[in-house]
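Some structures to go through are shown next.
What follows is a pair of complexes built around subunit A, which joins subunit B in one and subunit C in the other.
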Partner chain A sequence: MTSAAIEANGLTAYFGSRKVVDELTMVVPRGSVFAFLGRNGSGKTTTIRMLLGLLEPARGTSSVLGVDSKHLSDDVRARVGYMSESHSLYEWMSVRQCGEFQSRFYSRWNGRVFDSIVGHFHLDPRAKAGQLSRGERAGLSLAITLAPEPDLLILDDPAIGLDPVARRSLLESMIYVTRGADRTIFFSSHLLDDVERVADYIAILDRSVLRACCSVDTFRASVHRYAAHFGSASTIPSQLPPIRGLLHGRRSANDWLVTIAAPSNDTLESLRVLGAASVEELPVDFTDAMIGYLGDRGEHAFFLDDTAARDSFGVSV
Partner chain B sequence: MPLTISILTGSTLSIHRQIVEQVCAAVFSGRVKDDEPLPSVRALAEQLVINPNTVARAYAELAREGVLESRPGKGMFVSQRRQIYSARERARRMDQAVASLVSEGFMLGFSPDEVIEMVAAKMRHADSRKWSNPFHKGGAR
Partner chain C sequence: MTAPGIQSAAGSRVLRAIVWKEFREAAPTGVAALAIVALGWALVLMLERSLSGAGAASTAPSFSLSLFTLTSAGVGLMIGRAQVVRERRGDAWAFLTHRPVSRSTLFWGKVIVGASLYIVAAAIPLAAALWWQATPGHRPLPFDARMILPHLADLLAGLVYYFVGLVIGMREARWYASRFMPFGAAIFCTTLVLGMSTFGAALGVVAAALLIAGTAAWGSFIGGGHYAPQPRISRVALGILVSVGLAVVGVIATGILSIAWTFGRPGATDLRQTDYEIMSNGVLAQVTRMRHLLVATSTVLDVRDLAGAPLQQYRDSASKQLSLGTGVISTAAIPLNPKGQYTEYVLGHGYRRTDDIFVPLGAGAKTPSAVSWYFSRRPGLIAAYDNQSARLIGWMGPDGFSPGVSLPPHRFAGPLSPYTEIGYKQPLLAFPNAVYRLDLDQRTIRKVRTALTGETILGAASSGDSTALSVYGSPAQFDAIATTTHVYVQSTAGAPELTATRDAQAAGYGTVVVSRALRAPGTPTFLRYAPRNGTLSRTQLAIATDRFTEIGGDGVTVAQYALPRSDSTDTDNTEWAALTVAGLTTPLMERIVGLSFGHMTVPTGASTQASRAPLILSWGLTLVASLVSCLIVIGIGRRYAFDSRRLRHWAAIGIAVGPLGVLVMLALIEWPARERCPACGRERVVTREQCEHCGAPFGAPALDGTEIFEIAVVAVA
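Let's turn to the complex of A and B:
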């Protein structure tokens, strides 16, 4: 059995002549919580649809749970829980009926999981699906997705449009899922606070190109920010020379504030030779790091990959 | 007062680091007693709504550092505190901590006397029994 829950190799998709996913190669380790990040329109949903065999790639291959995406049998599909952005539900069914209806498609259906998630989102089992709020619909979709106890959970922007209480319920449900040691969650999101809470790994898609695929810790440790102080406005350079790994640079009166990926001694040296009186490292939070990484001015040549060399998961203490 | 940990997202400290630091603070202030088990990985993860792997890694680091110890079948406990660092390593770590305190105090505009008084006040709050614990005796080499 392969240790990857998802593998993609050079996945490429076009809409017309526009390339929407460009040679995407990544590995999602089994048992991980993996966040798939990127701005709107960067190709996340298209990638997910290719992984699930719902869209044929122009080039490249992928597999989920070790099976080629193009040939997913019903048995394999039953082990993959997929929640799309749209939460398609039969509007005229009640919450309870939705569960009963779905349960017939699965040999493995845990009614207790369904009931506990419905309860967690405070849904009335008699309420009609069509009359639920956005957050309640998400709760019902999640209950339907989780009740078959999938080995791999793929959630396409599950938190979109949720209020803070529903968002928290969603996160709690995701953490609950990790009780099954071998379960993998692959989810896309824009909510970096939530990602920081639950993700082991992140992949960042930027305008159809994968630019990072690594653990959250590696990502945080790789993005650094420095303030280079110059003595006066006359000594500060108006432009920065090319600096390896430069993601973002902003000039204020006597300082250059730069964000750099994986800096080396050379990088710092190149700031000093500009004539900076001092170079001070500033702390970076996860959101800063992400925005720096996706910012427009950055170099686009980085790829941090440590999913292959992962440390042990589910250390039981 | 039992162990209370609060997690801030969007902080410059990773969640992993926040757990390590808060457990350390709770242990050294005596808020967690020697024979009191810490919450299980799963329980703490669910309480804080964070990834259990993060908690497990933080506990593992605390165990490596000699702050906690794992008692098989019973969970994590405050370590009986055999000193695990060499004398030089202890001095290096303390020096680093003091240097960062001094520079923070300077940046925030406190006078040396004020900083010393603040440290003294904190010391008075720390559980004196813990302080007198022979932290530096035992297995150091």
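Let's turn to the complex of A and C:
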């Protein structure tokens, strides 16, 4: 049996002529909590749907729990819990009916897990799913996803739109399901605090291309921020030369603040040759590193390249 | 039979859960469907009741295309589409299908509920309507269990629409392309069901259509609405549905275009026609008329004798505009073939005909009547229904009218000959051994002829109630009776006037019309035998022409001759255009199948004796269209890197069905994107791992230096 919960090899998808996932190759280790990150439209949901066999890839292969995604058997699907970002439910069913309906499909349905999550979210068993708040829907959706005690849990942006309390409840439930068990959680999210809190590994999609696939610690250690100080405004270069790994650069009066992935000695040297009086490494936390990574690549910050916006907002460079 | 995917006890538990869920979701649609069908029936029954109460000429229902045919189809489509359309996309589809159960089981769960709801929604109003119709006092019409059959066929045909609704709901395709095309196939199925001669044949059509539509729906569901992931059998079924739909759309479009073409040109609705007519003076002439189809009038262009020479008295244009046949009184066509269908008035076709159950008598009369009369075949009696109370008020037998519901002791012997006395208040009823005159107003019946030993009566017709009768008196009032050996002409009182031996050369002919030229010297009588509706084979029919027997006033046969073929309508540019369109669009396979069954299709307007040029042109165009279609299909296939096997299949389809094959290919297949190969620079499809031109694989995305890949993570595998 392979030790990977999920494997993707050259997975590629198109919508019409637009490539939405480009040659994605990655491995999700069993037993890990794996965060799948990227901006809106970067291809996360499409990738998840291909992994689950819900969408045919243009090319490439993937497997889930060692089985080709195109031919997932009933048994394998029983071992893979999936929660979509819209928290799909049958609106007319009550909370209790949702549980009863789902339980018919699973041989190892754990009613206690269902009840405890429903209780955790303070859901009325008689309430209709269509009448639940977004947070309550997420709770119910999570309950029916976790109750079959899946070996692999795939959650597509489960906390989207939830208030902090609901988010925390969701996280606690996720942690609950993984404790002591050889379970894998593969989830996409935009909430970086949550990712840092629970994830062991991350993968980052940038405009349909996988740019990072590593442990959280490795990522944190790989993204650096530097402040290159110049003596005066006259000596500071208006543009940065090509710097390998440059994620983001922002110019202030006398400084260039740059975020760089996996910098080498050559990287620092390329800053120094610009004429910087000094180059200082600044502390960067996970959220900043991630935002630096997910933001627009290149040397300019949001407004600096936009003349109209600069004029409108009175930003001075 | 156990449906695929439903295997174990656990499977049945799962199926029950799916059925419960589907029922809860589809029930509102089912209720709406029931309301629609019930409303349709309510409208039909109210209309029938109101027509019969007003003494309308006929209250017989239409069994050909009824409102139930439409409502059952509509609600079938509605239920099918509604069942899948909410769940076919995105997260809802994932929530439905990502569970430990096969998509086949999910599909069958839907079908069990959807089909059951459809049957209930359509059958309950149907049963109620039939009960209402069968209950005395509701409809002035005999009721027979066989009258249920057309509705039963419609009910089952609605299931085809249900599956088509599932296909339409599931298909990921543009609405004007392959998504709605299966609807055309369902319409074709209904057309066949309406046209079948027996209920069994209609059931066969429905069963075949259900098999195809059901398989296509199943495949579309398990393929998530896409074509490529489906099993081969469902791809074939979907291909059939789409191609039939495209063909139906093509036929409708061609029909609309030809109507536009026909009515859009000046003079296009004028039809030049030559036929033989009896002139007022008793001379048989060849008359050429220009028929103006839009205004239903005609202009005489030319009058010639049988040898083709112009007749002197009709040389000037004014004489041609006179009524040429003034004083010539004719009967309706007298049937000579008991199995022939002689009147358009028979309701429906095949098993949908009520003619096999009852024949409405006096129907079509211009004045409303308080009583409706039906010759009911099973008891061999005429039933009289009061239109106001809608109840049976009596029976007419050979002995006369007997009031009340009790059957009189004597029945008419043998089957009623094909009835053509539509609209007459005193129609003739012909049976093998006797002919009766019925007086519907007086409720009397009189035997006007008894068959002689050795002969059987085939049909009878009277000279009718035309205004000419009042002008010409008793000579204009006559009945004609055709038997297996003779044609008898007698007065309406039954006095023999003429006996003619049947023309031996007209054996197997379908009808005879008896005409009398009252203004001509000696008031000659003419018998015109026509081959249509007879028992001639197709080959015999193609060369048979009308035959005339002319009998003088003394009863002696003057002449007996066959008429040269006179149906010489003009072949103009319209027909050549139609010929070209037919040649280009008729699939080669259809022509070959037609040949093998001996039905050489002769295009419109080209008679068998005409030049073979139209036939050659038509075949030539079909071959060219097939060849071009095959080349187009191969070109498209190569563009999208089909493997050789797939290319051969589509090339064969292109050859077999011509342009339709190209359209089906374009409609069915989801075409992958193409992009430039960095190795060879040519366009390549994105769904192949290697370039189809140079074999180069797709490269990994270009690195931008920001990559953070941890070897340990990848190496775990």
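Here is the rule we use: the second predicted complex is superposed on the first by the 296 of 317 C-alpha atoms of A that agree within 3 Å, B and C clash if a C-alpha of one lies under 4 Å from a C-alpha of the other, contacts with A are read in each partner's own complex, and residues count from 1 in each chain.
Here is the rule we go by: a residue touches a chain if its C-beta (ideal position, glycine included) is under 8 Å from a C-beta of that chain, and two chains touch if they have at least 3 such contacts.
These numbers were taken from a predicted model, which means no experiment stands behind them.
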Quiz item: Does the superposition put A:101 against subunit B (first), subunit C (second), both, or neither?
Solution: second
Quiz item: In this superposed model, does subunit C or subunit B come into contact with more residues of subunit A?
Solution: C
Quiz item: What is the contact status of A:12 with respect to subunit B (first) and subunit C (second): first, second, both, or neither?
Solution: second
Quiz prompt | First, second, both or neither for A:26, with subunit B first and subunit C second | solution = second
Quiz prompt | Residues of subunit B that touch subunit A when the two form their complex | solution = 7, 9-12, 14-16, 40-42, 45-46, 49-53, 56-57, 59-60, 63, 70, 75-76
Quiz item: What part of subunit A is in contact with subunit B in the complex they form?
Solution: 33, 168, 171-172, 175-176, 178-179, 192-194, 196-200, 216-217, 220, 283-287, 313-317
Exercise. Spell out the residues on subunit C that touch subunit A in their complex, using ranges where they run on.
Key: 10, 13-14, 16-17, 20-21, 24-25, 90-95, 97-102, 224, 226, 228-229, 672-675, 686-689, 698-701, 704-710, 712-714, 716-717
Quiz prompt | In the complex with subunit C, residue positions of subunit A that touch it | solution = 2-4, 7, 10, 12, 14, 16-19, 22-23, 25-27, 29, 49, 52, 54-56, 58-59, 74-75, 77-78, 80, 82, 84-86, 88-90, 92, 101-102, 104-107, 201, 206, 209-215, 218-219, 222-223, 244-247, 261-262, 293, 297
